[in-house]
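Look at the two complexes coming up: chain A is in both, with chain B in one and chain C in the other.
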Partner chain A sequence: MSKSSSSTRLGDLAWSKSPKTSSSLFTLTYGVLVNHLCTSSSPSSEVSASLLKIGQNIGTRLIDDYISKTSLLNPSGPSPCSSFTSTAESIAKVGLKMFLGVTADVRVDSDVGYSLVLSQNPLADFVELPDERSDLKYSNVLAGCIKGCLESVGFEVEVEVVKDTVWGDECLEIKVEGKGRRRDELEGGFKDE
Partner chain B sequence: MSLVALALVSPDNSPIFISTYGQSSDPPAASSDPISDPFSSSPSTKFSFIIHSALDHLSSPTRWQTPKHLLQTEGDQNQQTSKTETAKNKNVQLGFLGHIVPIDQYRVYGYHGVNGVRLLCVIDEVFTSTLTPPSPIQTQQRFERSLHSLFYRIYRMYLMALCNPFHGIDGGENFIKGRVKDGKYWYPKFERGTRAIVEDFNENGGYS
Partner chain C sequence: MESVSLESNYDRSVDREINLQTLSTAYVNRDIFELLLNEIISTVSPSASSSTTSSSEASAALIEAMGYSVGVRVAPLLLLPDMTSSPPPSDPSDPDALPPSVASSVAENITPLPPPPPLPSIDPGNSLSIVKYLCKDLWVGVFGKQIDKLQTNHRGVFVLKDYSFTLLKRLPTTSTTPPTLTDASRIQAIRILAYPCGLIRGALSSFGFGNSVVSCDFLNDGRNVESTSFNIRIQS
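Now for the complex of A and B:
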């Protein structure tokens, strides 16, 4: 499909222009972060929630970078995502490629939901979860990042890691469910005086 | 020739990992769980003893030279690495150490990793291959070359296991502590991967 191939080309172009870092450094740094969270809070659910929050903070900042780079590289290109499902292509082929160097396959589940399937998880090289942490959502920061990005552009979403390579699955699958659009409201309101 | 035991030893000579492979004529209770406590079952005790003796030889002042036939082979990165490392570190021989000591019908080979970890393997000397070797020396050299690459692959697996972010928390400081605490292997991926490499090596009659 032409949109898909133009997204792929845009993603590859953005990736080629991005500064690169060592993947081992990135993976090990993330591992240290998760390690530290595990030692400081006990239940895996709390750690997973912290990782989601961290991801959201990253996402809200990353979206500006993404928009500026894509509009710079593709000034006559496709307009901002018109529907919820078109965000899937943008994330999978452009966003993930630009920032992580990997692309994902999109599986559309419904009008308001899709799944991103990554065959390789760059966050989880070398990782083996201990038995006490077998239910830890190790890649939750990625889910949080997607959530943060989408919420910044006005989509209310629920994002969840469904399958992960650290749990023994063959891929990393992230499920995104739309919960409607968010209308910005002026805080406090204006009162006509 | 088959590889019957493998050990990883830390720089301060404490064991990190010991495992036995292959057939054993001892009672099934001992061999059914090959990853058993080394001090409670007889085949592992025997190999522990052999490995300790080999360690004594390693810490002797005799300088270990990588065999010449390994240094001369072109196009093999492992051996070139050991050549350059030898030039840099005059006190410690790095890389493939070659044959260390013969004990009973076994021979022990060693590999010195860059971070100080030593790998030792015990080879059963009974020649099990059905191929007629061209000459004993060439067979030996070819065998040692394949052993060199086996050591390198196992060492790489060990390094990857070290990169696990959960290494050192909830399971102790090293492989063996983790195992004792949980009662089972902390690093199933490393153990499985090593076993696969060794079994592949043994199936090919000692050549990989």
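Now for the complex of A and C:
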């Protein structure tokens, strides 16, 4: 599909221009954050919720960077957030690539939902959960980040990690469900701010 | 104090044009790391209303400890392939050591780099050699640039100067000429800088120099607000 290869090309281009740091540094830094949250809050559900919130904070800052860099690199391209389903491709091939250096496969679940399947996840490289934390949503910061980005561009969403390598699954799978617009929209189009 | 040359006849900057397809799993975007670090600082810092000197110091100490535990593990991973012919040996009795499978799989990920011209290798017992590695390979791997100036008195004291330290670039400054950090920025900067101090201390520890004290200062050199110096004292 020409659309998907142009997203891939945009993602590769944005990645080639981004400043880089060691992914091990990133993995380890995230690990000490999770460790700190686990020692200070007791239930895994609270830690998972904190990670989601942290992700949302990061997402709301990231989206401006994403939009400005992609419109600079691809000025005549379609707006990355023109419809809910187009956000899937934008996240999977462009966003994830330019920030984490990895891409995801998109599985469309319905008109208002899709799943992102990542075979590589820098957050969880070599991570093993201890038994007492086996229900921790370790990669929740990524779900939160996606949620924060989508909410910033006007989509009300629920984002959830459904599979993770830290739980013994073969991949990281994040489910995104659209719950409507965050504000009134014009018929037939997304109104930019 | 004597200045030490950080000769760079080979540009190790990770932003240069290389086969990115092979390296894509070895790097992430540095902006994401900075955003994550800011969130960590917000999470562990007291809120403005409940902040006291001791709680501020406690949060800076916690951030430094986090930097330390990352530094101990990440320093051996940032050794570029020509520095060692095999992954750094891990002592099975050391609780902080990487398991051999991790060290070797990381080395496999990064060996596809084109062969660089020969560089002086690390001499494990020589603190100057380790500190030079910090200034070059570690700083480039983490912050995308080398330390700008290294000074030492050859008796265990090192001063590392970075004239445009990337983590401080986004802090609000005053509108005076020359601009300086606002008071709030200064407090935030102290917390931010605790992390690289910990990283340096952890990196030194991973090479056998566990007894070091690392602190930092704002340089206030009038040119750049983000000029910082990191001061290392290695006790022998």
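Just so we're on the same page, the second predicted complex is superposed on the first by the 182 of 193 C-alpha atoms of A that agree within 3 Å, B and C clash if a C-alpha of one lies under 4 Å from a C-alpha of the other, contacts with A are read in each partner's own complex, and residues count from 1 in each chain.
Rule of thumb we're sticking to: a contact is a pair of C-beta atoms (placed from the backbone, for glycine too) under 8 Å apart; a residue touches a chain by one contact, two chains touch by 3 or more.
Only a predicted model underlies this, so the values are computations on that prediction, with no experimental measurement involved.
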- Partner chain(s) touched by A:Asp131 [first = chain B, second = chain C, both, neither]: first
- Task: Quick one: classify A:Cys38 as touching chain B (first), chain C (second), both or neither.
- Result: first
- Task: Name the contact category of A:Thr8: first (chain B only), second (chain C only), both, or neither.
- Result: neither
- Greater chain A contact set [chain C / chain B]: C
- First (chain B), second (chain C), both or neither touched by A:Leu28: both
- Query: Considering each complex separately, which residues of chain A are in contact with chain B in the first and with chain C in the second?
  - Reply: 24, 28, 30, 32, 126
- Along chain C, where are the residues that touch chain A in the complex? 14-15, 20, 24-33, 35-37, 39-40, 42-44, 62, 66, 69-70, 73-74, 77-78, 102, 106, 141-144
- Note on the structure: So, in the complex, the side of chain A touching chain C is made of residues 12, 15-16, 18-26, 28-30, 32-33, 36-37, 50, 54, 57-58, 61-62, 65, 98-102, 120, 122, 126, 141
- Would you mind writing out the residues of chain B in touch with chain A in their complex? 160-161, 163-166, 169-171, 182, 186-189
- Item | Interface residues, chain A side, partner chain B - complex | 24, 27-28, 30-32, 34-35, 38-39, 125-133
